[in-house]
Amino acid sequence: MLLKACVIGANGYGGIELIRLLYSHPKVTIDVLVSHSTQGQAITAQYPQLQNIVELPLEKLDVNEILDRVDVVFFATPSGITKDIAPAFIEAGLPCIDLSGDFRLKDGDVYSEWYKNTPAQQQFLDRAVYGLAELYRGDIQQAAFIANPGCYPTAALLGIIPAIKLGVIDESRTIIIDGKTGVSGAGRKPALGTIFSEINENTKAYKVGTHQHIPEMEQVLSDINNQQVTILFNAHLVPMTRGILCSIYIPINDNLTDTNFTELYKETYRDDYFIRVRPEKTWPATKEVYGTNFCDIGVGFDQRTNTLTVVSVIDNLVKGAAGQAVQNLNLVNHWDEKLGLDTIPTYP
Amino acid sequence: MLLKACVIGANGYGGIELIRLLYSHPKVTIDVLVSHSTQGQAITAQYPQLQNIVELPLEKLDVNEILDRVDVVFFATPSGITKDIAPAFIEAGLPCIDLSGDFRLKDGDVYSEWYKNTPAQQQFLDRAVYGLAELYRGDIQQAAFIANPGCYPTAALLGIIPAIKLGVIDESRTIIIDGKTGVSGAGRKPALGTIFSEINENTKAYKVGTHQHIPEMEQVLSDINNQQVTILFNAHLVPMTRGILCSIYIPINDNLTDTNFTELYKETYRDDYFIRVRPEKTWPATKEVYGTNFCDIGVGFDQRTNTLTVVSVIDNLVKGAAGQAVQNLNLVNHWDEKLGLDTIPTYP
Amino acid sequence: MLLKACVIGANGYGGIELIRLLYSHPKVTIDVLVSHSTQGQAITAQYPQLQNIVELPLEKLDVNEILDRVDVVFFATPSGITKDIAPAFIEAGLPCIDLSGDFRLKDGDVYSEWYKNTPAQQQFLDRAVYGLAELYRGDIQQAAFIANPGCYPTAALLGIIPAIKLGVIDESRTIIIDGKTGVSGAGRKPALGTIFSEINENTKAYKVGTHQHIPEMEQVLSDINNQQVTILFNAHLVPMTRGILCSIYIPINDNLTDTNFTELYKETYRDDYFIRVRPEKTWPATKEVYGTNFCDIGVGFDQRTNTLTVVSVIDNLVKGAAGQAVQNLNLVNHWDEKLGLDTIPTYP
Amino acid sequence: MLLKACVIGANGYGGIELIRLLYSHPKVTIDVLVSHSTQGQAITAQYPQLQNIVELPLEKLDVNEILDRVDVVFFATPSGITKDIAPAFIEAGLPCIDLSGDFRLKDGDVYSEWYKNTPAQQQFLDRAVYGLAELYRGDIQQAAFIANPGCYPTAALLGIIPAIKLGVIDESRTIIIDGKTGVSGAGRKPALGTIFSEINENTKAYKVGTHQHIPEMEQVLSDINNQQVTILFNAHLVPMTRGILCSIYIPINDNLTDTNFTELYKETYRDDYFIRVRPEKTWPATKEVYGTNFCDIGVGFDQRTNTLTVVSVIDNLVKGAAGQAVQNLNLVNHWDEKLGLDTIPTYP
């Protein structure tokens, strides 16, 4: 029997990507779509490409009805929404996967500082499991409530985790993450900063030093060896729709200059299907993971400055959002991690 | 048991798209990849996004070996190649699907005139079945050798066929087709006209009045009612990778001004899953079929000029090439036409 | 002494383009910038690229003050605004150039029908001179109030005018204009339809058969030989910021099949610096007029269908808006038509 | 009387941009265009947008004739050409401005190592003045032979120079430069890596740790205080035509955490028209300098990591190539530095 899914926030880009992936999932049906802003419409009024494929209505949020009708809920809502609406589902014991930032930070004060908003209640923050399978697979398999990682943190963390685990980092210098993203991460709500004429043929920095994904990255990195890690992260917008590329500069201890870091990275991700470490001296491009759940990583050591350059790429809407959510769904249900995600990037 | 497939011309964009689609096909395996220009390399050397997924070598063409090893051959080669290499496979009785233009025109002289090249031998032209399922489904199901339609003809023909069948066209005026295409149709071979700096933020007309797809369209349209149809077709390049949009201007007889053409189009394509006629007064966009085998069609009648505007969109690499080839493979094998093609467009 | 200019609607794309062009004009200074939505801000708050170059405030509209301070007013406001605010300036005798659609249509009822809005008062419609220099240069030189042509009409009319003047059109068939535009024509106001993720890698038709530029084109074309001309015009959005390309299909009388239309077009525009007819069998691209006031035209006769294909390209913000306004300013002042506009397209 | 200019390599993107800028320069005429690959053609055969504006032939290189006919030579040739052809002009005493990389590095061995080519003769390397006006204005004014800076070095150096001059850098950590460039920097020669379908909707790293601009940056930075500076620089390709954005991470001494770096940067560039330091907490975008000679800089100090983030943007073909060459021409001739360059960025 198929698992019945509900997508809350179905009208946004995270929502529509969930619909695309869940439609191809062999063990899931999409039963309920919820949208606050477009309730009452058919999903095809917003996304005509679903004509004849997924012809569901966009419903208003009704907790009891959803509890009755489905087996799992995905929250594809903006930050600041799930902290209020998820608890009812969690308390009722329905498995929940939250794609927003509301339950990722364990410390409510840190959330307040970076998100400029009231945090979720601590008891629900405590229950949420951070859904980065490559680091917390075991915990996810036991979880009922997943805080799906942010897009930048997914790309950045997967590029840094092996170096932390290996203990090769020179702590007197700072890890620097230079992130580049496509525009879809900004969502579907019209704003001056995302209209075509302002973005096309343009590249810019934004939220320099203030991006809310910084504490998320530091929380996870600090958890690996139980030792505080501080990073410098800057975000840039490039004129494309999908894709994140993080260029990561990791200072390396002096005595490790002969290390083959590519091999060490490959070894670390030996059992992780979605992480592909590229051959030495080759570098991934965002389009090479387009539409898929892969995170591709290139690694190169700069002898001149004792710094490891790691380039990691993801599709921000897949491994950075909906795909990772499906991967977590698979883990929670003890299914093959690749179910519904075993596809080749669309290229060109 | 799975059907074993060979892709000749695997290194081009039609080839890589075939690989993407066949990989997800439940009844097919990819067994042999052939490339003239990159033989000896791994396919991952050309397309690193296939790492860990499809790790086959690019082989040189060896007819006997292919006959031994596979059950079907796809030709994703440029025009002018298959006319010479396909006959050996056809004579050996191996099912063949040709994505090039070599076997589409029944009249070798017409081929010579528009392609500026020697045509294939007449006996093989005679054996080829034109692979537009929505018009020739029955013939395809009996065929062993398919000439897969061109990208522009697919979009244009599907927009005009109902009007021809319905007999509503004013023959004293000309059908005009204004085609707009993304750049991937030009293939992967570098040329001044397709480098990014020349294409980005640019739109242009090309091959005005001389495009080799003109006789292909006229041949098919003339075949429907066995009556000569002459069209005017112009091609335009727009700055995107995938997608074709054809704006078609069909002159309508004076006495039909109250006709509901949208309904007539819907009726014509009632049994064709991949053709989606849009609701009255709505119009399809290329991205709404991105990565899929759909052809979406909008229809509107202009009372002021007795002209029917039809807008049809496809993904040129899917319904306009590799997807239609897979659809034809399904028909030839009497499988469900949707096998391997039942996906939602990637959006945005 | 320099002519003092005021730009009303300075915050929009037409406004900022006027500022760019007027800054380089040797006989003009920009003295007053007016914006309804951003009054009180510095123009550099909206357009930081003006830092150290044009550092004026955005003021609220004050008719008397503007009458005191400047010698000419440009209206770069959306349609529906100038019909109410321009009369005060016109009556005071200040030269006015209106870039909106409010004064282009001579018949108020036609305006109501296509713009769905109350028209301007007839007396002011009567006073407005349609600012297409290549057709009405003499009138413009005597005018004080110019209705600057729309972007699509500029490209389309310049492609059709010679054929009308020459009397070669087969009136039993329809002139069809297939327009493709970049997104900047939609202005700077955020809307779902213009955000990057919806436009990028996408092409679509819009306002099929209902575009408000249709009556504008018909009014001008009918005026040339004082004979009613009906056209079919459809608009398409392509993923670029600037540029319009119109593909025009003109039915030609049977007895003219040996005509050299390229030469006739060249002859028609012999004295028009900004119109460049391309050599036979070559076709212009939008980027080849980027940032300039040129309209480039390619002409080809299709013997098979007795149809003339004309391809005309402009930069919608220059020849289609601000540049044509400056050209008109030059004419009104009896200056060299090229002043401030004598530049090479930025390429690539 | 106007200065007569020759552009060698007129067919490339650096060449065509020189033609655009020199055409608008009030004290220069373009007299000779030279192209190796397209000699014998008209420039309008390659660039039809020059029709009726610049209609010169592309000539083959003839040193004596050029010496006879012009007053200054610009070399817009690829690296590896001018080292052989420039000496004849230099020895004849003709002012030369070289846009290639052949004369930028003072040490021929370093050139050999990074460019994998034989260097120019030392006597000519010694005569070349590095054409970064903001650092070497006085020297340029006395020079007859200018090595125009590379595109990345221009953006990066202008972002770092103030910090070096001010002596605020913590030398125990490395300066990291993360560069993002549009594709036009790769030139007009077709290659797989620059065709539209490979670049569009794609971002990638390239030449990681091996870019030939690294020693150029280090040479200049080390020259400021006569102290060796080592940097880490990585290059990235983003899907746009023009523009470079460098994100620069400068480690700052512990005792300087209260410094207002924005003010210090403004002060450093007080007399440099083309350098615009943005107000605190605002960041430049590449499109905000499009088509102009500006370098816009944003500066922000990260208290958490004692690191200064500097974001600097240029148009790679203007301040990064042809515009800077014209700026140098102005200095060599003791003209106003802004001549021919005093324009507003084209936006959007």
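Think of it as A, B, C and D in the order they're written, each chain with its own count starting at 1.
Keep this in mind: contacts are C-beta pairs under 8 Å (C-beta built on N, C-alpha and C of every residue); 3 or more make two chains touch, one makes a residue touch a chain.
Protein identities per chain, from UniProt: A, B, C, D = N-acetyl-gamma-glutamyl-phosphate reductase.
What you see is a predicted model, and the numbers here were worked out from it, not measured in a lab.
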Shortest walk length in steps over touching chains, subunit A through to subunit D: 1
Centroid-based (C-alpha) most distant chain relative to subunit D: B
Subunit B-subunit C separation of Cα centroids, rounded to whole Å: 38
Distance from the mean Cα position of subunit D to that of subunit C, given in whole angstrom: 36
Centre distance in Å when subunit A and subunit C are each reduced to the mean of their C-alpha atoms: 46
Sequence positions of subunit C contacting 2 or more other chains: 13, 184, 188, 197-198, 200-201, 239-242, 284, 287, 290, 348
In the complex with subunit C, residue positions of subunit B that touch it: 172-174, 176, 178, 180, 182, 197-198, 200-206, 208-209, 230-232, 234, 236, 238-243, 245, 247, 249, 251, 283-287, 290, 298, 300, 302, 304-305, 307, 309, 311, 313, 348
Residues of subunit C that touch subunit D when the two form their complex: 13, 16, 19-20, 23-24, 47-54, 184, 188, 200-201, 241-242, 273, 276, 278, 282, 284, 287-291, 294, 296, 342-348
Subunit D-facing residues of subunit B, complex: 13, 183-184, 188, 190-192, 194-201, 239-241
